[in-house]
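In what follows, structures are represented as structure tokens.
In what follows, chain A forms one complex with chain B and a second complex with chain C.
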Partner chain A sequence: MTEAMPPVPVPVASRVLAQSGLTRVRGWIGLPAGVVLVLIVGSILSDKFLSVSNLTNVLISMSIVGLIVVGMTFVFISRGLADLSVPATVGLGGILVLGLQPSLGSLVAGIVGVLAAAVAGFINGGLIGWARVNPVIATLAVGTIVLGVAQAFVGGVIVYGTDTATQDFINSRILGGVPVIVLIFLSVAALGHILLSRTTIGRYTYAVGSNPAASEASAVPVKFTRAFAFLLTGALGGFAGVILGLSLQTARPTLGIGYEFDAITAVVVGGVSLLGGVGSIPRAMSGLLFVQLLTNIMVLQGVPSPVQGIAKGAMIAGAVALDVYLRRRGGTQ
Partner chain B sequence: MNGALVTDLGFALVRYRVLVILAVTFSVASIWVPGFFSAGTLSLSLDRAATMGLLAVGLTVVLLAGQLDLSGGAILAVAGITAIGLQESMGQIPAAFVGVMVGVLAGGLNAFLVVVLRINSLVATLASMLFIRAVGHYITDSRPVSGIDPFFGLTVSRPIEGTITGRSLLFLVAIVVLHFWLTRTVSGRNMFAVGSNFVSATASGVRSRAYLAGSFVFSGAMAGIAGVIQSLSVNTGSPVFGESIVLTAIAAVVIGGTRLEGGRASAGGTLGGVLTLGALTTAMEFQNIPAYIQQIAAGLILLLLILLDQLVSRRNSRDVGLRSLVRRMKALSRPHQEKERKHISHEN
Partner chain C sequence: MIEVALALRMEKIGKAFPGVQALSEVDLEVGQGEVHAIVGENGAGKSTLMKILAGVYQPDAGSIHLNGVEVVLQSPLEAKRQGIRMVYQELNLVPDLSVSENIALGRIPKKRGLVDRARMDADARGVLSELQTKIVPSMIVGDLTVSQQQLVEIAKAYASEPKIIVLDEPTSSLSEHETQALFRVIRRMSSAGVSVIYISHRLREVIDIADTVTVIRDGRRIDTQSIDGVTVEKMISLMVGRQLDEVFPKKKVPIGDTILEVKNVSVPGRCEDVSFTVRAGEIVGLAGLVGAGRTEVAQAIFGLRRYSRGQVIVGGVSTHITRPRKGIKAGIAYVPEDRKTEGIIPSESIRNNISLAVLPSLQRAGFIERRKEKELAQQKAHELGVSPPLIERLANTLSGGNQQKVVLAKWLAAKPTVLILDEPTRGVDVGAKADIHTIIGELAAQGVGILMISSELPEILAVSDRIYVLHEGRVTEEIARSDASEERVMRAATGGGLS
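And now, the complex of A and B:
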């Protein structure tokens, strides 16, 4: 039976397979290797670096932006460019949860905050998916309006909360020292990963990002899928704002400024392409981890914060340039 | 009356929406602000928008090329710091010149990232924005720097002969130059070609990559000029200047009818967008309306205009240019020709 088979395709196929296997390894090995390298460098430079308390601190500091990274990954993969309304949705979530806390209680106020931010995300999605407005300008306009509305809601002042019980719970550690905020982040990241890799909407997200025309022809709901990415980012931005507001018990309108760029940095360093169709939540998360560990090392080394900014800018440019170079050289995608 | 013509007249209103929205803003402003049309108020209103307008002139070209430049605010800050910080060692005018050169250099960095390293302009200029602003913090130790002579900067912020200020004049000159460059020169036309279709432009012998690079250098230079002007007028350079100015400038350019997809832009539109936002700010500040309401208004105007833009751009085949509309109104008396014309436009 086996001798009757045509011998030709086997070696050819295996050679192709071996090549694509190598490309595949080269595709994902870079970042984990980078993270390990940073860990080694960090532990050589400082003996405080590789301690449980320091690494826990790194996890806590990446938790809030990590929530947004999950949404931003969907936006990137669905070729939605980027969501610049994140500062507005974070601010909205934070202001609403503390503003409504006296009348509704923290939990309900938090839910209202997330829903309101989700509505903002839905408007983004509607404009981008159905009205085909450029994502940059759409999220810019919606972000401006939403932040204005959030400020108008409280009269443009800083909101203070009084629910110290919830604050203590969010800042506490459970299950033998795991911070609650990290648990929240990890479960959202896990849910996001399942959503992206195991469900229909996740598959649609990749399809829409890699070839919108072909997806449209294959009856993939392109508009809905693209809108969904922005809806998700809006809701997660609001959620991040709620958690941030509850853990600080103060919220100012500028609460979320900078989170959009931090999230984009993490996603880009994680090698998720702005051209869509490629990437995953774990990759984005390792990008985030890489950036955070590097920042942590610089802080421990007493590097002044302007230099950290310079390094961050150079890192984004370097990561994308490398990505573009590898793509052109490998001829993949 | 001719139904199609009425529809097209409606589309023409949408197409010249900058004028419409500008007229509306000015009417509202004149109701709210007594004496809004007095020379003093108008001059002040223009002066407030001039720095943002200079940035918008540069951004018009970048957006025309189908790219994005987020680094303008950071360039503005560092150029201003340079122009103020070097005054003591090299004199005021050379320092201002070096400040503008810093802008050119930063634009060159953007061009290198986008054209040579082929990084998407959104991410590339985001990276350079973080980088350049961090440089600003680094060289000043995050503290504002002061110039040697507060009176020197008055030349840019003082009204010339009781009319408009130096920086407003500079902005208007920049708009006029941009207009002539975009509409009357070969390189301006090539810029449109590069923006609407990069590949075809290259195939037609346009050095598209050079044009792309040029647009970033130009934008950097305009941001440099804006930064020098801004810092001179307050005799201070600070690394936190211009934190949100780029987004406002992009909004002004887009209100002016420029599309982020590239290939369409006009200097007049940008002027209209800048004036609209300037008048809006002046009117609302006069009425003591808080900044966040101004944000909502500006955001809504932006949103409305981009939605209208989508509406018109889907009917691209219809000719709603002013000349064509006038011709067709005249043609109403000669129905035969009109029918013929419609027939032809259908085939298109």
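And now, the complex of A and C:
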């Protein structure tokens, strides 16, 4: 039926209002309201919470996963489900930068690390975009292979780095106390936001996620757009691994485990739709901030980590359920 | 007539949604075995009324009587229990199951706790033959044509021994021929005492099949009449509340040189050796039954589908178009058949929808030039009369007709020399239909060559300068406007054109 509701002219307006109301509600999930709420709750529970040093620590701790969130947002919006090869690309980046450091120096080794991870992302993209393999399966398989390669490269043990100068720089604070690592994260997030909101590939990402068939018929390069999201996530995973490796000067193949889950949690809680077509980098970032602040409160309150895990899991399930519910109510399905 | 038992009486039904009165004092009386058509523009309130009957919505006012007994249909389940069945436009079948499984779904016969397959098949066969269809119960539903699936859907409703069946736009995806098969089924059901409520935009069919017609406009019942003596023009004037002189306005336009030449194009299994030409300013109709290969030919020309043999010559240049991007470059635009699945990007704004196909020309170094994009969207939305003309509004908040205008706007933004329209007015209301025909006429006047696919014969006949008819993947006839008649097109479409 083409008429969802009744007659002109009043109904058109009211129908639109009802919808944008729902859209607005959705925009608020994990967004300012949630963040402000967490800030209030946190400050009531602990007087340490609102201190500059605590909040700076929260920012530092979200910087590495924040890099991955940028890529994962593209994956979600393009209806690519999720990239589960993140632990492998992070591990690859960390191992390569430290393993190649003695011969190439940190900068070149880092570039190699990012490129190698980008290749893994490219393979993901090829399998998903052109061979139409399910993204979950493709990224799991590629991730397993990449991790195997990384392990073979270092023989399964820890790699140690010796570049303390770079390590100190990454862990330092500049511009009157801003941690370098946070600066890196914020720059990448800003670039990601511009890429998604202002460029053609960004627009294609939304179109492909919202309606692949219509995109195809409108000459949108659907396969390339899908693949691009995974290429980007692979490269950013590698970059996260490189930064992590340089800041720790140690890396093992398991370096990246858990980052995929944290990134997915942030994106989902931020209200970026798993069903594609809806979301933005700022939204994903507020989701990340929300989760990190909540985790911080739990840590300050001495909540045991198993309970923290349960809370995070519940948040994912709840956010996805809410997204699906709102979509149905909004009639966008 | 008065003594005929009333299967359904809806009395003074009222329903309000926040900010709008959807229905006011609507009466509907349907006799047993009657085929009762409900017509009205989109948004008139037909769907709301039917959703009340289906138990989806609760009325604010009025009462519902079934066989003289007042009932309260507080849920879809209750409505089903009372013998009311809906067959919606979107089919609700499980494509991977067989016909008999689909028909039995929800009340599968069991023997000792296990599925009684023999009885299930026998039941299905009984229903299908009672409805005089030739569908085999063991076939997988996904392998059937859309029209056969529709008949299965109706058989499924009929098998549950309903008192009232509501058919919502049942013929929108059917060809004339298949429509006749559906009508036979409807007549069978009606003579078995089942009341059929028939909702359609196709007024000519309403005259063919209905006993009675009720016209709804702006949430009110305007009139209920016996179908004898009702004309299409009469119904339209009741629906829109004004006299429409011409349903399909046709503009006289000078016709130029050949702009599209399709030579011996073949898509394996879909069409064979298709050749035709379109000239600048000309509207060429492509008629044929559903499945005749019309859409496939159009998609092949545009690059959405590979063709194995043949040539496409646009503006004198032979091009092998393998991708839509190449089609656009060659000057072709294709407005697809199904705007929901292939036309609109629902969660994007009108602006983003309009610019989608021409983004490469609106970008500098990968960045979208937003001012240019905005101007383009505003201009095109204005030209096509998209309502409301707010380009930041999301496409999924628009009515069907306006969504179709947005899709048209997207393709006009590509400045095509050849515009292919696949069922451009399917499922849009009478007003929007006239708008779209006017737009098509204006484009032709600007020298665009237009190829229009339509399953509605009156539309093809009224709009086209020339008509090609496809039958089973081949062009069977080319008919000039002056020689065209419904009979002649139908004959060619069913394979009887060439003698």
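By definition in this document, the second predicted complex is superposed on the first by the 302 of 333 C-alpha atoms of A that agree within 3 Å, B and C clash if a C-alpha of one lies under 4 Å from a C-alpha of the other, contacts with A are read in each partner's own complex, and residues count from 1 in each chain.
Convention: a residue touches a chain if its C-beta (ideal position, glycine included) is under 8 Å from a C-beta of that chain, and two chains touch if they have at least 3 such contacts.
As the structure is a computational prediction, the values presented were derived from the model and not from experiment.
Contacts of A:L45 after superposition on the shared chain: neither chain B nor chain C is touched.
By the document's definition of touching, of the two partners only chain B reaches A:G313; chain C does not. Of the two partner chains, neither chain B nor chain C is touched by A:I174.
Once the two complexes are overlaid on the shared chain, A:N211 sits against chain C while remaining clear of chain B.
When the two complexes are overlaid on their common chain A, residue A:I158 makes contact with neither chain B nor chain C.
Comparing the two interfaces of chain A, the one with chain B and the one with chain C have no residue in common.
Contacts from chain C toward chain A in the complex involve residues 15, 17-23, 42-48, 50, 88-89, 168-169, 217-219, 304, 323-325, 327-328, 334, 336, 341-348, 352, 355-357, 359-360, 363, 366-368, 370, 387-388, 393-394, 396-397, 399-400, 410, 427-429. Here chain A touches chain B in the complex through residues 81-82, 84, 127, 131-134, 136-138, 140-145, 147-149, 151-152, 156, 253, 261, 264-265, 268, 274-275, 304-310, 312-317, 320-321, 324-325, 328, going by the rule given at the top.
Interface of chain A with chain C (complex): residues 1-8, 10-20, 23, 198-201, 203-204, 206-207, 210-211, 213-221, 277-278, 330-332.
Of all residues in chain B, only 68, 113, 117-120, 122-124, 126-138, 142, 247, 250-251, 254, 259-261, 290-296, 298-300, 302-303, 306-307, 310 touch chain A in the complex they form.
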